[in-house]
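Right, one structure below, let's go through it.
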């Protein structure tokens, strides 16, 4: 059975209520097509993680799909605080999610530890602050402080994270799942490799031979991958280097919509629940904002140079 | 002597204050807005060899517009190195290579501790803020931390509601007690009214310079702790002609920096 | 003062007796031009490290430049055991080096820890074997065993390594030191980034603009680099992907020569001590083996495709 | 039934014995020589979805000639992923993804412990060998370890002079006591005379099959410990026609594998 499938199939088969998900992205390569499908399929009780979360995590929280969030940060960037996130924490709408809070050093290191089979890693941050005073669903397992057996120095250890599933969006992948990426990485490589299985969403499906022309660009090998979905424009309103720009206007639309519960519902009905798939989404985008706006997002031509691995 | 044009806005002055704290050759971790502007002013004036990076994974970017986030698309083409958080926050910052870090906060206290987590009680917050992100590791590990804040009795505090990022924590000896690396910690708080330094003995922020248009008295009144005043306190040097030129002609021709005025930086 | 300089200058300025050096390579991109210059300059008392060492480390040991070796492995591959290495350990010729022995898991992890400012890392190997029973110059600091504070499991911790200097050979670098690499990596990236400073030897010096066309290929940023040396054919008899093949015939010559002390001396006089620099080395190679042999080593044409980072 | 040509050499038979231990879909860490040959025979016959990697940083290489080292240039063009030791030995092997690992040793003992460090005393060795390299982590962490050895009373041993790589260490319960991952350890020792399995209770290597041309008695005599013999001991199945075809027509047309004959694999 092949791994190439529709997003609908990929999410149906591999995302289950109660799972622990790593979702890659950093404005760059946000797997929005996958997230919309998760919400369309009404998945529930998810634990989610990534360093520096944004509109995508805010939307999942607002839609009620999330129970727990291993977090470092969540905001809408230039559009300020995450509205759904705030409503959840401050007012319990639609319900109050549980948070376990780390930093952009400790969380990537915990994912790296998960990826590399290390039970824990030492980190030098967090000491002296309230981040050590708050413990939530990870309890006493959030961190440990030891005296280094090498020199007696007090050292903070944080545990490895091993998500059930990672979902990432990359520029290209082959049908086996070898996933290739360039540009801003965030914690995508360590997060994907920490997970027990990976769904790869990609701008273009390429041949195994194309992958082999530049194997140093691969961040996840095929044997970890359970589904490959070709999903052009799949990171919108985030961006994908070499493919399309971030959509600031849409970001503003999301912020304004999510300012109220009703606005958020309307937004979700229009852009997620009432939409069949990424193709329908893209068509709706063009109908609503015009092909000119869509075209303007497409990346310019600024190609580099090929290299050779020959001998 | 540099010329000092008078048609500058407060965010421009604040960016220049940041720029002047950067030395040539410094390795600087920048976010967006002020920090990026400040670091780039330094790079285009007195510190051409300053090395700038964003936590998202970018080193020595060459953006053609001001980046609106540390993951902005304009940071990709032309950068010297792009990888991920593990490289920038792990290999460069925790690895001990970062000289200067910029931080902003919804609350900053007299020891330079910063709150970006909650206003009010953690479990029942009045206002939930974004969280640490890269702030805690930058505040913990950069050699010189430059803090940006709005100057009023709400944003500045005797003690932050929640300490997301360490300044001098509880005062003298605290960073050492907690094992933070030697020779690290906040250097200044740059507000829309003044530049506050940190006393080497008490670790408390004190008034170093006040911006044109305000006074020692006004700044002391706007500060919620008993603000000490430097013996040589004086007016902040306004933006120099070449600094403004770099900002307006190269870094930010559309003057996107004006957005900070609407956020209270006046 | 610029960083671009001759190998002679780079080694004179930055390699000092008694230093701890990481030297990159894995048959792939061995910095042989730098090693020959170190030996010409009669540097002494070095501590050297890398996972999977080969002819280059054997030669340094045979030439008497090495006091200590933090090792995992040393052999001449298809040509068998390292002759100089054996003579040093078995017979003290020219002197007996001290070994601290790890594995191809633990040593790269120790370098990674050094690169990432971690004081130590947990590793899952070495337990139960004699590798834990032998301790040399690192003494009790070679490793520590603790009970994990998370689950009580017995866990081996190995310490971070921070070499004084790393020397690596890559495909291309700019004059500031941004070093770009593709193909087999070994422990080159972690080793270079663990060091306090780095000498970059490269096949071609390129512009900063060329580096910026593909920044995801950079493995070391310029601020860590103290010298950049353009040294084509600089990894011979090792190889550089996209530039030239490994030279099996020369590997055989080295093995046969190093079979005896006298043979090794003759080899060193001919190929190292009696040679001014890599240009003279390459000329001697062509004179000795013919331009046809040299030409045959040059890589074939097998270029991939360019990518874009535009938005 | 497969045809079994009779013109094979012993290294070819041994490679086939290795290939048959690999299941479809297995993730296999290979070195050079036998292991690479064995894994590739499997891939071209019954295990097309086996995933092969080299510790140097290569995954799913497509070499056009047999690689002479794990860093061989021919492993670069066409591979699915190339990174470094941290990825292959760290992320894949220590991360728990590797099903099968191949190891060879100058000395192998009855518990499958391997010596690649020294013959004789560690401090005053008779012969200094290369050291662990990737052997110890592969022996520690791969789910199924296949060991290649020469069959004589010097290369096989009651106890290795130096334990570089763990087999079952001191016997039953040892791997568990030392905290090695469950369900890992040596599966077989493939020699030029026989295939030895490991008894599930005693963890001692016992005779499973003897190669054509030898006998149970000869193998027992060549083995320095009291070698137990399986109830169903039988002759090793010789290379099948399709296995030889893959080796000779695709993987190794120049028959470089013959070099092993000169090393005693006869």
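Chains: A, B, C and D, in written order; residue numbering restarts at 1 for each.
One rule holds in what follows: a residue touches a chain if its C-beta (ideal position, glycine included) is under 8 Å from a C-beta of that chain, and two chains touch if they have at least 3 such contacts.
Predicted model only: the values in this text are computed from it and were never measured.
Under the contact definition stated at the top, the chains bordering both subunit B and subunit C are A.
In a view that ignores subunit A, the other chains are joined by touching into one piece. The interface holding more C-beta pairs in contact, when C-D is weighed against A-D, is C-D. Note on chain placement: the centre of subunit A and the centre of subunit C lie 37 Å apart, centres being C-alpha means. Separating the CA-averaged centres of subunit B and subunit D is a span of 58 Å. Between the Cα centres of subunit C and subunit D there is a gap of 28 Å.
Inter-chain spacing, taken between the CA centroids of subunit A and subunit D, is 40 Å. Within subunit B, residues 58, 73, 76-77, 82-83, 86, 90, 93-94, 141 each touch two or more of the remaining chains.
Residue positions 109, 116-118, 123-124, 153, 155, 182-183, 185, 213, 216, 239, 241, 245-246, 302, 308-311 of subunit A are each in touch with at least two other chains.
Pairs of chains meeting the touch criterion are A-B, A-C, A-D, B-C, C-D. Residue ranges on subunit B touching subunit C, taken from their complex, read 27, 51, 53, 58-60, 62, 73-74, 76-83, 86, 90-97, 141. Touching subunit C in their complex are the following residues of subunit D: 55-58, 68-73, 75-77, 82-87, 89-90, 93-94, 113, 117, 122, 125-137, 140-141, 162-166, 169, 174-175, 177-181.
Within the complex formed with subunit C, the residues of subunit A that make contact are 109, 116-124, 141, 144, 146, 148-151, 153, 155, 157, 159, 171, 181-183, 185, 210, 213-214, 216-217, 239, 241-242, 244-246, 299-311. Within the complex formed with subunit B, the residues of subunit A that make contact are 26-28, 51-52, 71-75, 77-78, 81-82, 85-86, 89-90, 101-106, 108-109, 112, 123-131, 134, 153-155, 182-190, 239, 241, 245-246, 248, 302.
Across the complex, subunit A meets subunit D through its residues 115-118, 174, 176, 178, 193, 208-209, 211-213, 215-216, 218, 221-224, 308-311.
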